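Okay, so chain A shows up in both of these, paired with chain B first and chain C after.
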Partner chain A sequence: MTASALALALILTAPLFGALAAMLMGRRGPAIALATIIATAAGTLILLVIIATEGAVHLAIGGWEAPLGIQLRADGLAGGFIATTALVMGAILAVAAKPFAGGKTERRSAYTFWPLALLLWGALNAIFLSGDLFNLYVGLELLTLVAVALVGIEGKRETLAAALRYMMFALMGSLLYLLGAALLYAAHGTLDIALLAERVGSAPGDIVAAAAITGGLAAKTALFPFHAWLPPAHSGAPAPASAMLSGLVPKASFYILLRFWFEAAPDLAGSGVLMLLGGLGAFAMVYGSLLALHQDRLKLIIAYSTVAQLGYLFFIFPLAGGESAAQPWAAGAWSGAIFHALSHAMAKASMFLCAGLIIEAIGHDRLPGMKGIVRALPMTVFAFALAAITLMGLPPSGGFTAKYLMMTASFAAGQPFWALMLILAGLLAAAYLYRPLALAFALPDEDAPAPKAVSRARQFAPLALALAAILLGILSAAPFAFIQIGRPGAAVEGLE
Partner chain B sequence: MTALLPVLILATSLIPAVATFFIAQENAGWRNALNLGGALIKLGLILYMLIAVAGGTLYEARLEFVPGLYLLLRVDALSLLFVTLSAVLWLLTTIYAIAYFGPKPNLSRFFGFFSLCVFATTGIALSGTLVTFFIFYELLTLSTWPLVVHKQDDKSIIAGRSYLFYALPASGALLVAIIWLESATGPIEFARAADLRLLDDTSLRIIFALFVAGLGVKAALVPLHGWLPSAMAAPAPVSALLHAVAVVKAGAFGFVRIIYDVFGIALVAELRVGLPLAMLASVTIIFGSLRALQQTEIKKRLAYSTVSQVSYIVLGAALAGPYAVIGGLAHLVHQGLMKITLFFCAGIFDERAGIRRIDQLNGVGARMPFTSVCFSLGALGMIGLPPLAGFVSKIYIGIGGIQSGAPWVIGVLAASTLLNAAYFLPMLYRIWFGEAQDDSRPGERPFGIIVPAVITGLASIAVGLFAGWDLSPLAWATLIVERDYLP
Partner chain C sequence: MVLSASLLYGLCGAALIGLGLYGFVVHRRLIRRVLAFNVIGSGIFLLFGAAAYRDPVAGSDPVPQAMIITGIVVALSATALALALIVAHARLARSDALPEDDRSGDPDEGRP
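This part shows the complex of A and B:
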């Protein structure tokens, strides 16, 4: 077995076996999760080294090449997402160890959380490594079902309603995606992305297929106007679950969109479609931000912020897609969006974990209750502030690098509209994140009940994530070069 | 070595900043040693560099981010002027703050963010590219907020909100201006003139206006000055170092960089944007003085005086004649010394005698002689009484105005001097000749709170008296202009 096969096997199977083990030994969830983290992290590290030194990894399982067998592929993009996921999951599971520890009394949430969380991780990794549209579908289905279950894990009435609504949207999205995939298969006889790239565009149904796939994935990424399911689902789940749902899950469907539009069907998109996607993203950004401004619960603010932040991932389409792909600024716009996806994953997960710790301390997440919380939870508030800096796109952070790259591209492309939207997004983010921060920093009311203590070790996890998002900006040279590995077009234009 | 020194200078502020956050509140000894030690080492390094740069050495350090985005630290004569000012005043303000706060709570947080602000200011001074400048400029915005709201009461929180309300949109304007410019020319380094002519006149004018908006908030240009007076809710050391020196000077320093190192005097003249900026600065000078007259609180009056005085620097830069720039640059240092003296004294009046309003100053001269003398030195310097510091800068800016064909500047300066006298002299009159309300003698203790004020007070006489000396701020400003900005 080669090193790359070992790495891929660890990344793919460790979370799945972990989930199985957690299901069988419900009380030992945290220990199993720790073992899974170690195994997956080891695989991830090996994979990163291999990609960095030898370039993109390609593996045909059992030696069956496409279109017969299953293809696994790991380029810089996949490596970046897998590594970020490992980091974020590690922090989330570390914080979750206490509230979901198996105690003497049997609790459903403690029993079900660990298998679901690990299964979610496995599904994410499967998506990031898949090289064909059908495997992507399988991974996405698994991811969706697990995510829905995580929303409803506490079994409360309102979260079940949110979970149900989420499932309606997600299943509709899956059906659309499957329809698109079926049309493509009927026309071209393969769903392998590399093979599709040579054939797509020749059949008349391809446009319909692409529209179906895009619509389905957009619904799962909560692109406006399909966003309605997201805020109740993400804010209703327990905080560690919210962190996964908001930070990681929408990135998977976005990742598939990238694979589809930039690799499988790069020439299919007309500028109208690209502008539409970007425009919807801009709309989502404004709409989500304005609604975030009007929320009075911390988790709802963070959830609406996700709607807004996911919106400007879609600026990648007008700036780097279609005919722009051959332009010198495309590399910047593409990388900017990826930087945004990765730093948002870290920062948003960190924020939800912070919200979880605040809820543990004061018992709820209504904003006025947060007054003066900085005294009890200094590290948590600091982590929240750092994460906020990334989401606002202020330097020095991964969010700033992302914004800088995308803004430069948009001016270079002669489409300064997107740059102005990014500035506006930053200001709106500052406005809605300012309220909780200012409250946390104010003096507490004298009659306010004393918050419960939260251990420093657990406060460290969100802080580490927020710091990672900042470091992604300060040390951006290596990640930037890394995600270019295997990027279509990178070899042609070279790096500036 | 030439790459190491700028990094080391930044580290002398960054390391204390980060380390201080982890020091327990009770460990005052460690905290003070760390901050004072950092400030002292920094001064030593700067002294070494001053001599080397005067001899013509250049220091550069660079850190790559993504293609087209890199940090460049570059030490030239202009950056040293600002670094030296901030480093000297950092040391003095740290001594002052330690004595001022005594055993108050949340000091580790305070000193951590305080050093972080100094780190950001140093970074601004050493920036060699527009993007580097922007990064540190934003860091300064962010690290100042916790200091403004340090007292955590409602007034401070409102002041903090107002600060961000002005500062964040301004940074958006700045970022758009930078990226718009760089999308046409590639990364802009201050030392290498980029060809801005790739953009048309209208675009360049809009970009210039965006720069003015982006920098104008920190430099407190009218009508973007609203945050500054309310930020006086912060503790006295913050008002002294940040609002009188670091933050507003960062804006003024930015104007000098934009006009001379990014656009260049020729292009500014060609686009005809220098004159409107000079007029805006003049309006600010007069308006700030008028508003200062109306204030009844000492710190508020000083704040509006800052609004007015900082615009001298912008005015000097916008006029673009050699004398005007020299005057403006010298004023960067002179105003810093005088204003920090005034704020130190205002803090002492408040902390030791509970004096916040101007009518409480009556007869305080006899009760608190040291503080009162220092306050008077600062005030007289601001008015521009020869041979104090303010006189020198005003003369140079005035001559510069005539050189640049804008003799109306003399009128602005004269009006401003009259107004300065109108709002400072009554204060001095009350201090020295007013009827004392009580005879208690609040102790001017500990030494740490008085000595910095005495030093800066004496320094503001010295920089005026010895303006002809080779390393005086005026001589250094002349060196900058001769070396970098004369055609």
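This part shows the complex of A and C:
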């Protein structure tokens, strides 16, 4: 067994075995999660070193090559997402260890959280490593079902309704995706992405298939106008679950969209389709930000902010897809969007974890209750502010690098509209994040009850994530070069 | 023109997808929407299976059949989770529709 096969096996199977073990030994959830983190992190490190030194990794499982066999592929893009997921999951599980610890009394949420969280991780890794549209379907379904269960984990009326609403969108989305995959198979006899790239575009049904796949994935990524399910679902779940749902889960369906439009079917992308996707992203950005301004609960603000931030991921399509793909600015736009996806994953997860700690301290997340919380939770508020810097796109954060790359690309491409939207997005993000931060630093009311203490060790996890998002901006050259590895048709341009 | 078997199955699949879509959009009660989801799913599987039989000499292509079986397993687990959530929600909310859809003048008659 080669080192690369070992690494891939660890990354894929450690979370799945962990989930099984956590199901069998319900009370040992935190210990099993720790073992899983160590095993998966080891696999991830090995994989990153292999990709960086030897380039993209291919593995035909059992020696069966495509189109019959199942291919695992890990290029720089997959490596970046896997590493970010490992980091974010590690921090989330560290914070979750206390509220979901198996105590003497049996609680349903403590019993179900660990298997679900580890399954979610396994599904994400399976998606990031798949090189075949049908495997992506299976991974996406596993991810969706686990995410729906996590939304409803507390079993309250509102959260169950949020989970059901999410489920209805997700069911429709997966059927559309499956229909698209069936049409592609009927026309080309394969669903392997590399083989599809040579064949797609010849059959008349291809554009229908692409539309079905895109529509299905857009519903799962909560792209405007399919965003209605996201805010109640993400704000209703317990904070560690929200952090996974908001930071990681929508990135998986976006990742599949990237693989589809940039690798499987690059020739299908007409400028109309690309403009439509970018335009919907712009709508999502404005709409989500305005609604975030209106909320008076911290978790709802963060959830609406996710709608907005996911929106401008879609600017990648007009800036780097279709005819732009061969242009010199495509690499910048493409990398900018990936940077945004990765830094948003870290910052948003950090924010939800901070919100969870604030809820633990004051018992609720209504904004007025947050007055003066900085005195009780200085590290948490600091982490929240750092994450906010990334979401606003201020230097030197990863969010700034992302915006800078996308803005230079949009001016180079002669489409300054997207740059304008990015500036507007930053301003709106600053506006809706200012309110909770200003309250956190305000003087507390005299009759306000004293917040409960939260241990420093647990406050460190969201801080580490927020710092990682900032570091992604300061040390952006290495990850920039890394995610280009194995990118098809990469005309690598530097950060000029 | 003779209606070949695979064309007939394909058309049936398309009809099922259309019927299911109609049901999914029109109904407010969640169990009916889950049923509609299953009707659409069956239509897609039928379409997929029909597409596998393209060459009368070589017979049908087994790969889509393997994918259909996987798809059925996925649809089954999704249905099970959806039903469990619907039951849990109905116990607490005394309603089998989502709050925003739950209003009088419901096109579906009767209560469970």
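As a working rule, the second predicted complex is superposed on the first by the 490 of 496 C-alpha atoms of A that agree within 3 Å, B and C clash if a C-alpha of one lies under 4 Å from a C-alpha of the other, contacts with A are read in each partner's own complex, and residues count from 1 in each chain.
Keep in mind that, in the parts below, a contact is a pair of C-beta atoms (placed from the backbone, for glycine too) under 8 Å apart; a residue touches a chain by one contact, two chains touch by 3 or more.
These numbers come from a predicted model, not from an experiment.
Participant: Going by the contact rule set out at the top, does A:W261 touch chain B (first), chain C (second), both, or neither?
Facilitator: neither
Participant: Just checking: does A:Y177 make contact with chain B only, chain C only, both, or neither of them? Give me first, second, both or neither.
Facilitator: neither
Participant: Which partner chains sit in contact with A:F314 here, chain B, chain C, both or neither? Use first/second/both/neither.
Facilitator: After superposition on chain A, A:F314 lies in contact with neither partner.
Participant: Does the superposition put A:G155 against chain B (first), chain C (second), both, or neither?
Facilitator: second
Participant: Based on the superposed arrangement, let me know which partner A:Y185 touches: chain B (first), chain C (second), both, or neither?
Facilitator: After superposition on chain A, A:Y185 lies in contact with chain C alone.
Participant: Once the two structures are superposed, pull the chain A residues common to the chain B and chain C interfaces.
Facilitator: Dual-contact residues (chain A): none.
Participant: Contact residues on chain A for chain B in the complex?
Facilitator: 331-332, 335, 372, 389, 392, 394-396, 400-401, 403-405, 407-408, 411-412, 416, 419-420, 423-424, 426-427, 430, 434, 438, 441-443, 473-474, 476-477, 480, 495-496
Participant: For chain A, which residues count as touching chain C in their complex?
Facilitator: 67-68, 134, 137-138, 141, 144-145, 148-149, 152, 155-157, 160-161, 163-165, 167-168, 171-172, 174-175, 178-179, 182-183, 185-186, 189
Participant: Would you mind writing out the residues of chain C in touch with chain A in their complex?
Facilitator: That would be residues 17, 24, 30, 33-34, 37, 40-41, 44, 47-48, 51-52, 54, 61, 63-64, 67, 70-71, 74, 77-78, 81-82, 85-86, 88-89, 92-93, 98-99 of chain C.
Participant: Going by the contact rule set out above, which residues of chain B touch chain A in the complex?
Facilitator: Where chain B meets chain A, its residues are 64-69, 131, 134-135, 138-139, 142, 146, 149, 152-154, 157, 160-161, 164, 168-169, 171-172, 175-176, 179-180, 182-184.
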